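What follows is subunit A paired twice: with subunit B in the first complex and subunit C in the second.
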Partner chain A sequence: MKMSQNTSDKDDQSPSNKKNISLPISRVRLIMKSSPDVSSINQDALFLTTKATELFVQHLAVSSFNNGSGKETNSLSYSDLANTAEETETFHFLTDILPKKILARDYLKSLEQMQEEEADY
Partner chain B sequence: VNLQMDGDSSTTDASQLGITGEYGHYVLQSQDDESLNDHEDGGVKENYREQDIYLPIANVARIMKNAVPQTGKIAKDAKECVQECVSEFISFITSEASERCHQEKRKTINGEDILFAMSTLGFDMYVEPLKLYLQKFREAMKGEKGIPGVAVGESLGDELTDDSFTNPLPAGIITADGQSQNVMVYTTSYQQIPTVQQIQFS
Partner chain C sequence: MAERPEDLNLPNAVITRIIKEALPDGVNVSKEARRAISQAASVFVLYATSCANNFAMKAKRKTLNAGDVLAAMEEMEFERFLEPLKEALEVYKKGQKGKKEVSEQKRKDKEKKSDLESDKTREEEEEEEERMEEEPDAENEVEEEEVEN
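Take a look at the complex of A and B:
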């Protein structure tokens, strides 16, 4: 446990540690600033975004875990995430970065089948 | 079916091709990609592209771990994936907030812009809990500096960063001072999990 003499609220066990953030704000700012046309961000906006990101991680993790095979296997996998992004409206914006993965051989097999079907016409 | 490189992909594995067409959007994976490369550093590089900046995976993984049932496991590629999703989420919110800001001829993105963006983009359920958090945050800062309403400078980011590895409290806990109700958000596929307090529509 890190102890710091600078501020009293560095004490983890203290219930008055109301800042209660588990993500580095400076990194969040970096990501925000990499958006085009963003000039400056005030402190509230930074804090809210950081906090919202925590909520988002929890939300995505739980939704994917419950939605996918997680409940049977008690685990969260990439495909649970990809499925959730496709099925849940809120997470639609993630579909581009969460493509469903298939094995090359399965893809080629499907391709063959499709070509056979086309050949029937 | 067109084979094309997915130029916007934030994946760091260059061997994955994006394949679009009748099958929807797929990515080829090799059979033994059980473990992808370790990305412990969080992805901050010198010549970074926008999509290469991530939050540290340890922090992200911890939040995930606290959110799912205690005995649950999380695949490594799932953690890395959420790490990327997080950057996407932040950019998503930020550009919406930025647009509104510009429309109103302002240069600084403020808290209202962020909350408005979330509401617009389907994260309405975060808004009320976030307002509560902001209130508590302001109170905490006020108490620390001893001056009401002081503007906190750059050092704030560093101060809070130190907390990240030592704070064991799940981020989802919301308590309203002096009130017995919990503000919760409920989504359709959401189920009550004892380890974390969730947010649901009141």
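Take a look at the complex of A and C:
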């Protein structure tokens, strides 16, 4: 994990400003190609997907910050993101990878409740 | 192909910079939040690709094009991205054209000099270009690819 960060950080800095995208196109292509149905992608489509991903990152961060609890403390936390994924229609597809966190204590309690309900039958 | 799972991550430094630029100054973004946004971005790419690919398949095309990506954005209800995307694409295309004219001449000069050298660099540019060859206008794109890097 660390290694890949280091190598990719370096080569992303310089070409970004010229092209008005910051994310590495080659990495985005790799992700796109990991989808089995995709045979080839033209340069414009690749550029657009990269740009769209940047817009998406901005949009997700800003929405989560604005809806979140961190406005007073000037912070953005994981739970702000998880809430946004759950509450905002367009971000619903993220609920799987942004699950809401729940304390083990609460989970056990709800498990107990469920068992009690079953026992009632 | 991605050989290691982390190949499917986007570089954290770049993601962090994009987040910082989008939020008001001085907002503290937790490490966990940054990682989550980065993962969300990868999922977004996959989702967009799959939507765009559906449009290409419907039209019986093998190659994803700009129209497919824009249609995917609409389907995903990210219409708000359409205008900025179209604008960015215009700028990008203009840039490519300009570069191409300049590089055309350079390339011709270079080709004469160093066939051997360019072979080496081409190998380093990986199989990416090989994949491009499936496309009708592969030659142009290979050129553009070289100019960018």
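What we mean here is this: the second predicted complex is superposed on the first by the 94 of 121 C-alpha atoms of A that agree within 3 Å, B and C clash if a C-alpha of one lies under 4 Å from a C-alpha of the other, contacts with A are read in each partner's own complex, and residues count from 1 in each chain.
Just so it is clear, a contact is a pair of C-beta atoms (placed from the backbone, for glycine too) under 8 Å apart; a residue touches a chain by one contact, two chains touch by 3 or more.
Source: prediction; values computed, not measured.
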item: Room on subunit A for both subunit B and subunit C (clash or fit); value: clash
item: First (subunit B), second (subunit C), both or neither touched by A:99; value: first
item: Partner chain in contact with A:28 - subunit B first, subunit C second, else both or neither; value: both
item: First (subunit B), second (subunit C), both or neither touched by A:107; value: first
item: Touching partner for A:37 - first (subunit B), second (subunit C), both, neither; value: both
item: Overlap of subunit C and subunit B interfaces on subunit A (superposed complexes); value: 1, 4, 9, 12, 16, 18-32, 34-35, 37-45, 47-49, 51-62, 64-65, 70, 74-78, 80-81, 89-90, 93-94, 97-98
item: Residues of subunit A defined as touching subunit C within the complex; value: 1, 4-5, 8-9, 12, 15-16, 18-35, 37-45, 47-49, 51-62, 64-65, 70, 73-78, 80-82, 85, 89-90, 93-94, 97-98
item: Complex contacts: residues of subunit A adjacent to subunit B; value: 1-2, 4, 6-7, 9-10, 12, 16-32, 34-49, 51-67, 70, 74-78, 80-81, 84, 88-90, 93-104, 107, 110-111, 114
item: Complex contacts: residues of subunit C adjacent to subunit A; value: 1-2, 4, 6-15, 17-19, 21-24, 26-30, 32-33, 36-37, 39-50, 52-53, 57, 62-66, 68-70, 73, 76-78, 80-81, 84-85, 88-89, 91-93, 95-96, 128, 131-132, 134-135, 137, 141, 144-145, 148-149
item: Interface residues, subunit B side, partner subunit A - complex; value: 1, 6, 8-11, 18-19, 22-31, 42, 44, 48, 50, 53-56, 59-60, 62-64, 66-69, 71-75, 77-78, 81-82, 84-95, 97-98, 102, 107-111, 113-115, 118, 121-123, 126, 129-130, 133-134, 136-137, 139-141, 144, 151-152, 156-169, 171-173, 187, 189-191, 193, 196, 198-199
